[in-house]
Structures are given as structure tokens and as C-alpha cells.
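Data block below; observations after.
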Amino acid sequence: MPASTAPATLVALLHGPDQPGLVARVSGWIFERGGNILHADQHRDMEAGVFFQRVEWVPPAGADAAAVAAEFEGFARGLGMNAQVARSDRRPRVVLFVSKFDHCFHDLILRWKSGDYAADFVAVVSNHPDLAEASRGYGLPYHHIPVTAATKAEAEARQLALLAELRADLVVMARYMQVLSADFLEKGPPVINIHHSFLPAFAGGRPYHQAYERGVKLIGATAHYATAVLDDGPIIQQDVARVTHRQDVADLIRLGRDLERLVLAQAVRVHLEHRVLVYGKRTVVFD
Amino acid sequence: MPASTAPATLVALLHGPDQPGLVARVSGWIFERGGNILHADQHRDMEAGVFFQRVEWVPPAGADAAAVAAEFEGFARGLGMNAQVARSDRRPRVVLFVSKFDHCFHDLILRWKSGDYAADFVAVVSNHPDLAEASRGYGLPYHHIPVTAATKAEAEARQLALLAELRADLVVMARYMQVLSADFLEKGPPVINIHHSFLPAFAGGRPYHQAYERGVKLIGATAHYATAVLDDGPIIQQDVARVTHRQDVADLIRLGRDLERLVLAQAVRVHLEHRVLVYGKRTVVFD
Amino acid sequence: MPASTAPATLVALLHGPDQPGLVARVSGWIFERGGNILHADQHRDMEAGVFFQRVEWVPPAGADAAAVAAEFEGFARGLGMNAQVARSDRRPRVVLFVSKFDHCFHDLILRWKSGDYAADFVAVVSNHPDLAEASRGYGLPYHHIPVTAATKAEAEARQLALLAELRADLVVMARYMQVLSADFLEKGPPVINIHHSFLPAFAGGRPYHQAYERGVKLIGATAHYATAVLDDGPIIQQDVARVTHRQDVADLIRLGRDLERLVLAQAVRVHLEHRVLVYGKRTVVFD
Amino acid sequence: MPASTAPATLVALLHGPDQPGLVARVSGWIFERGGNILHADQHRDMEAGVFFQRVEWVPPAGADAAAVAAEFEGFARGLGMNAQVARSDRRPRVVLFVSKFDHCFHDLILRWKSGDYAADFVAVVSNHPDLAEASRGYGLPYHHIPVTAATKAEAEARQLALLAELRADLVVMARYMQVLSADFLEKGPPVINIHHSFLPAFAGGRPYHQAYERGVKLIGATAHYATAVLDDGPIIQQDVARVTHRQDVADLIRLGRDLERLVLAQAVRVHLEHRVLVYGKRTVVFD
């Protein structure tokens, strides 16, 4: 996974109270400083009066990307906007959390290895030992941190320490079968989870069993940011697949694996490309 | 809408405890009596031990279709099965219930007029006068039966009397914005409703507003048999459409109209073709 | 269909050679003249070096929309860009071309009547008399212009004269079963056609028969701008539906009607909202 | 991958001239010999007068599955039908053909390892050495058989000898970038190929480039049985994904990988479950 040799780009995600001239001001600021905008996309929530923008640009040759990013964030604050600027020469560091299911685990790692993600996968964390060998086969360190009701707080402390040490920018719960505490979510990096239903339908446990009982004609999967309330975080991506009376619960589980793989992979991708803005329980995904 | 000149066919929907030889016995019974099976489809719920079958056949020339149907039902009872036999020479009689929204109303009637449904649409019932002229333009009698909290019982009595008089086989709630009582549902013919969400998500009122608030990435529609519990009946058909942050509630409502039209039309079609078996909260749809 | 009372907006569609600063210049131009940008979306074809933009804005109160539009077009030319500016207070005038099939005909008119399109449907033209009564029922003038091989040139001349007289901005071929000549397409307004296959598969006649013969597992529909080469114009929208061996040609035709309705309606909508830019055989659809 | 401990089942795929009583005769034959039908599905091509059936049953305890299968095939011949009977206690043997692309390769092997396929993957054959290590990591023998224009006949002879030695029942071309000759296809086992377009659109080379040039709004993938005519064999499965002007060719290739994986995996699955009947250029897929 060598870093690309293309010139470094900056990606700003902005949001704040809408006001006339924001598009002109932002693009003007970049243009006047010799930057070249590659992509710009914006959105207005008319009802809430909020402006959202993603703008990606190449700073002038020789510019200090970190300095330009900091300067832009200050400029945006001056407009009353919240801004985060990411640099393409700084690859996000990703840690996978897994349990025993391995379909999302293999899928994400193979996508990463094939170059789909401009990121570094740096470790796998699990409450079970099952995927240790497979992780090492991929060249990824495996951290087995068992979790029981009695040891959960201690286990999370170990996980947080590890994430800090690894300078992780993102945790991906690839069918990690533990609920992360509000405390963990507050202290750690953002966490993307995959839930195996079309949320908000069938939140909680055994969603395929719930779906079967209810007799739905489509099953779904939902990737969302984990929050303190289970299965309630801002949704990044969802998809569904058609089922009939012929599929029993085992079939739903099998079919659902394809949905889970795809939906989680897509959510991780847009996050790593700095395309997602969260506000309230909603996301703006610029794609 | 002239009756087809093809020979009359019989369609049996059977279900009951599974046992060896059911397929052979049913097909043998028909074959021995000179019938020719056109379609046969069956399903086993392995866990529940229930057998389901839809079989469509042409009785021998000159046979009395009503007598064959009755005889078959007796034969099925002897196997411990519940059977309903429909005759293609007896077109189901359909009554539409509407309020003010007209998209499903126009859609269903135009499909019927184009010959998509082997059924007779015989009347439109509404709690509002708005669609009276359009109904009459289609040549359909319009019955305006206002409903208020105070008059609901009386209005339902009038509706039931009308359905009996019209010998209605099916009521289709084409965005009829009243909840039918358990009493009505028990006394009247089957009722198909369209709910404008992917049930069980967003049951109840204003589902598009609920979907917008939750920030889902797909909206849905669900056609189901109405039961005494609101939005809880056996699901016949569901579908979804992709939405993004760019769509506000008005957009969801507009996009949802296409889903509602299509999902309701498909559900009505499979019901009228005798393809739906209900058991518990689930349906078997032989298509 | 009363005109909206919202303030008039302008929508510019621009394209031309890419160069640094285009986003800043366009948004700056609007901002400096007191305009307020509601939506701006742009695209770069990196390989071809072409920049595309759709920008929608409210000119300052009291401004002459026509003058601002003309001034903007001159500004864009100065940047080497081609620009077309549409005004929301000038509703496009649409003429439907039909033959005998009526599913797209009813669908488009009902959408228009329900307020989905910010446009005026002004007439129906047909080579057959079949839909005359239905058109008049909708309050739309019906022009029956028969077409035979011998009279085609003359018929097209009559059609063009009618379109000129009606000041038509768009022709929608709602399953109009005649090929329009290159001459007609050059002299008349833009023409959107619906082809009942997933182009480029099954161009030409009887696409559902072709699809059946080939044994495809999905059927499709394609809305495109008509060009001198049959079924070869720039594609605006496409969609597909799953089929199995159980569907015969008649079923494909029936299922295809739903696709045709939806795909054509969506294509007409994005065109009328000035969201489509054509270049070569491709379209940019800003939605 | 231990063999299941469930009792062996037989699956018959029959087709032949339609005649009254086929369902009754087949099910009667099984029932009279103490068999228990688990699934039966049939189809009539009304126009061609052909009957198709898939029937899966458990022979009586102690029966010799091979003898029952042979006896059934004789019975079917007596009805003028062609029948193939597969035994669940005899797992099909699969050989993967690959070149350099590895996404379908990993996907199929991981599905097999997770128990999705009731089959034995026995070897990987490639015209390149690239995937040798990965194959061995999965415990699969890797046969590197280079192919050039000059050596193609010789290479195919080696491949055929290997397939015979391995007693292969199926070859899966998992993005194998060589055209197999008519001679190979005649002498070897059935071959399933994945083509990265929605056939018949964009047959031949570089289909994503073709799709980009044409400006389609959906890309597709098609799994089909390889025949002597390139990309013309009977289609087993197809699917599509939506694209916009924002996706360049590299994006189409990336998005297409998900389609290719899924479509090929589904086609392999239905083949291995004996659900596919070929007739002419079409398939009947009983699922």
C-alpha cells in the first residue's frame, strides 16, 4: 500500500448556519491562495437553515498542507462554520473489532489489500481467539481481549489504551458482538458498526429471527456510527435483498452476509474519503 | 373487460400438517379425474411441519367446475388439509376505499382497465367527496360515506351493508385514511392496505416524517392484509427506494407515491390470482 | 397548475474547458450582484478536461430575471464556457407524442396534474385517433396526424408547424411508434424517447421478444434524447426489473410497462428541472 | 467441510415434451417406492410445449441411492423425458480457472470454506503464477499452465487431462482471461463464466470502457455457461448497479468487482444445487 505519488490534496467538511455567499467565500478563499478545487459539493437543509459543504482542493506547489489546513479551519470559524480538514498525505489508521464471524473481516481486509481504501489497517481486536491466525496471515497484529460482564470496564480500558497507542482514527465493528459503552465511545475514535437489519426495524438481538417471524419480504443491513443508544446512531448506508417464504432463518443469515459485507464496506469507504458529515441523528454523505 | 374465452381453470390453495405423499395424492386425484395440471407449486415450512400448495388445473371438458371444486375441498379435508378452490370463470369483485390521495386510485383503475386484473372493480367508497367525479369518469359508482369519531360505527355498518349488497370479494384501501375496526374486518371480505413505510419500521402516522427524522437511506412501502392491530397484518409485498440527504419530506412523499402504487398493485395482483396463503403473521406468495 | 408564488430563480447549466478558479468565479459573480445561490453542483471530466456546472440562484429583489440571465450567459462566454440559463417563472411547454399504448400517456399526465412537473403540458400529437377522447378528458388538445411511409415528410412538416405554433420546449415520445427523421430532430425542440430495453442491448424493434429469446434475467427500459441514429441518443435514465423463466413475452410486456412509466417520468422530470447536460453520447444529470 | 449427516437426497432435473399427468406420474413413482418428496418445482413453456421439473426426495431407508437414481432415469425416459439425477452424498468437484484478478477467486473460496457450497473445491488452474501462494494458503493445489497463441492447443490438452484426473464436475472461470475453445468446451465438464457487463450489451473486451463510452446509467455482470460463441452462452444470473457521470472507468471497474463476485457466486450456487436446466440459449433456474 504505498502512498500515492499524486500531489497531496485537502478535504474540508464544513457545516454551520446558512448565510448568503458561503459558496463564493469558500471557493474564493481557496482560489486567492492559489489552490485548485477538484470537487465541491454542498447541501442546504432549508428547514433547519444549515449549510453543509465538502470541498477538495490541491494547495499551491510548495505549500505546507498542515498550515493551509489550520488556516482554513480558522477562516471557517470566522464564518461561523465548523470545519474539519483532512490531508490525503496522512492516511487514516483503522482498527477492526471482530468476534467469531469472519465474512466482514475477510471482506474489508481484502478490499484494503487490493487498494480500495486510502487508509492503513493497523490491527485487529477481538474478544475471541478464533481469527488470530487469519489476521496474522494477512500480516495484521491480533489483540485478543476477552470481555465478560465482570471484566467489561477493564477490557474497554485496555482497548482504549491500545487505540491510543496505535493512534487509531477509526474503529470498524466487523460483526463485533459486544456493545461498546458510552464511556468508550466518548473517549475513543469514531466507531462504525454494521447491524444486520434495516434499521430502525429489528434493532437489538437476533434480527434475522425477528425478520423471519414478522414475515418481511426484504431483509436489510445498516451501517451506522455507534452511539450510546444501541442501534440508534446516525445511519451511513443501508441496503436490502428480496426474500420469499422459501428462505428460512438460516437462509436469511446466509443472504444477509452479502448485505453486511457490502453495506459495511461502502460505509467505511465514504468515511475514509471524508464524505460523511453527521448532524443530529442524520448524516450527509457527499458521494 | 370481457371474460376470457379460455377454458375455465380451478386454483386450489391448500395448507395443513405435512405428511409423505401429499404431492402425489393431490396430483393423482386431479389426474385420475381427467384434469390437466397447468401449474403446481408447493412449500414446506420444515420447522413448523406445515405443507402449502397452490395447484391450478383444467377440469375435463364438460365438467361442472363448481362440483369439482367442492369435491376437491372435501378430498383435501380428508387429508387433514384446509383448501380453498377458486374458479377462473368467477371474477372476484373488488371495492376500492379511498380518501383524498388519488395516485393509487388512478393506478389501480388504469391497470384494471388495461386488462391486468382478472377481476371486476365494482365501486369506490370514500369518506370524502373529492374523487367522485374521477370515479364516475371511469364508470365506477362512488359512495361517499363520511366518517367521524362519533359516526364511525354507523359508517362501518353502512360500508358493510354496501359490501354485502355488492357481493364484494376484496376491499383495497388505496390510501384510505381511516382505521377499520376489528369488527369490520371480521365481518367483511379480506382487506388489503398499503402502508407508506418499510414495516415494521415507522408504523402509525406520518411515516415519511419519521423516516426523515431517523435519517434512513431507503424509504419503503408495504402492502399487507389489514388486521385488528394497526400496520401489523401479514405482509404481501414490500419495496424500497434509495434516498439521500438531498430529499426533504416533500420529496420522500413524492418518491413514495411510486413505491405505494407499485407495491399495492403487485399485492392486489397476486391476491386476485389466488397466489397468497396466510398463516400466522406470514404469507406464502406463490409467484 | 398555478405558477408558484416563490421568488423566481435562475438555473444555469454550464460546460466548457476546465481551468482553475471556475467555481470561485461563477459563485463570485452571482454573489457580487446580490444573488443568493440555492444549489450548486459541478463535475469535472478529468480525462477530457471538461468542467460542468449547474447553479441555481435567486437574483436580488427587483432584478430583471431576463437581463440577469443574458448577462450571465455573456459572463460565461467570457470564461470560454457554454451556458444556458432557465428561469423558473417561465414554465417549459411540453407536447406528448403518442400512438396507441396509453400507460406512459396516463402516467405523465397524472403526474403533471398532481403538480409534479413545473411545466405546462399543452397538447397531445398522435398518428392514431385512439387516445383522443382520453386527452380531451384531461383537457388537452389532441392532434391526430396520421403517418404513412408516403406521407411521413408531410406529417413531420405539420408536426413541426404545430410545435412552433405551440411554442413547444420539449417533445416527449410516450411510446410513439414512429421514428422521427434527422430533419425533424434538427428543426424541432429536444425530444425524449423511452425505449423498452436496457440499451444498448436490444435496440430496434420488439425488444421484449429479443430479451425473451436471449434468456436475460433482467429486463430494462431506457429514456434518452432522440438522435438521428435510432436508439443511440444520450441516455438520461435507465432501470431494470428481475424476471425468471416463468415470465413469457406477455409478462415481460406487462412488467415492462412499469419500468417504462417510471424511467420516462424520471427522465422528463430531470430535464424539466434543467438538470441534464449532454456532451457527446453521454449526459451529466445533476440530481 | 465434512459431509452432512442428513440422509442422502436425490435431485432430478427433467425436461421433455409436455403431456397431461406428468406431475402425477413423477410424484406417484416416487411415493409408491417409499420416497418422500422434499421439494418439487415445475415449469411449462406453453409456447414450445416443453415441461421442466426439479424434484428432490429422500429415498426409503436402506435404499441404494445409485440404483434408485438409475431406475428413475429409466422411468423418465419411458415418459419421453430427459432426466439427470444427482445424489447429495456425492459432492461435485470444482476447479477454479483464474488469471491475475483475485476478487472472485477469494470470494468463491471463502464462501466454500464457510460451508456455503455442498461441493469440493479441488484445484486452481491459472495461466499466470500470481495467485499460487494465495491458493496454497487456502490449501488448494495450484496448476500454472501458461497459454500463448502458439501453445493454446497444447495448454488446453494439459488442462483437460488435469480435469479428467481430478474428476472435475465443474469449471468456474473466476475472471480467467482466456477464451476456451469449442473443442475444450465439448470435451470438458460444464464451464461457468462471469462477464463484466449486462449481456448482450458490451460483449467482448473491455466492457467497462464500452459502458463508460456509451454513457449507461447502470453497469452489470452476467454469469453464463461458456459456449463456443464468446459471451453468448445461456445466462444463469445477472445483476446491475447504478452509476452516474461521477464514476470514471476506474470506478466502474471497482464497483463492478462487487457485481462480479455476487453474480458469479450465486450462479455457482444454483448450479451446485442442481437448480439449473439449460435449453437452447435459455436457462430454467428453480430457486
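Things to note:
Chains here go by letter, A, B, C and D, matching the order in which they are written, and residues are numbered from 1 within each.
Following the convention adopted for this analysis, contacts are C-beta pairs under 8 Å (C-beta built on N, C-alpha and C of every residue); 3 or more make two chains touch, one makes a residue touch a chain.
These numbers come from a predicted model, not from an experiment.
Summarising the inter-chain layout, the chain whose CA centre lies farthest from the centre of chain B is A.
Of all residue numbers used where chain A meets chain B, over half belong to both copies. The two sides are thus made of the same residues. Averaging C-alpha coordinates per chain places the centre of chain A 42 Å away from that of chain B. Note on chain placement: the centre of chain A and the centre of chain D lie 36 Å apart, centres being C-alpha means. Counting partner chains per residue, chain A shows two or more touched chains at residues 246.
Only residues 20-21, 23-25, 27-28, 30-32, 36-42, 44 of chain D touch chain B when the two sit together in their complex. Interface residues of chain A, counted against chain D in their complex, comprise 102-103, 106, 110, 114, 116, 137, 246, 254, 258, 262, 287. The touching residues of chain A, when paired with chain B in their complex, are 43, 45-47, 52, 198-202, 213-218, 220, 234-240, 244-246, 248, 280-285.
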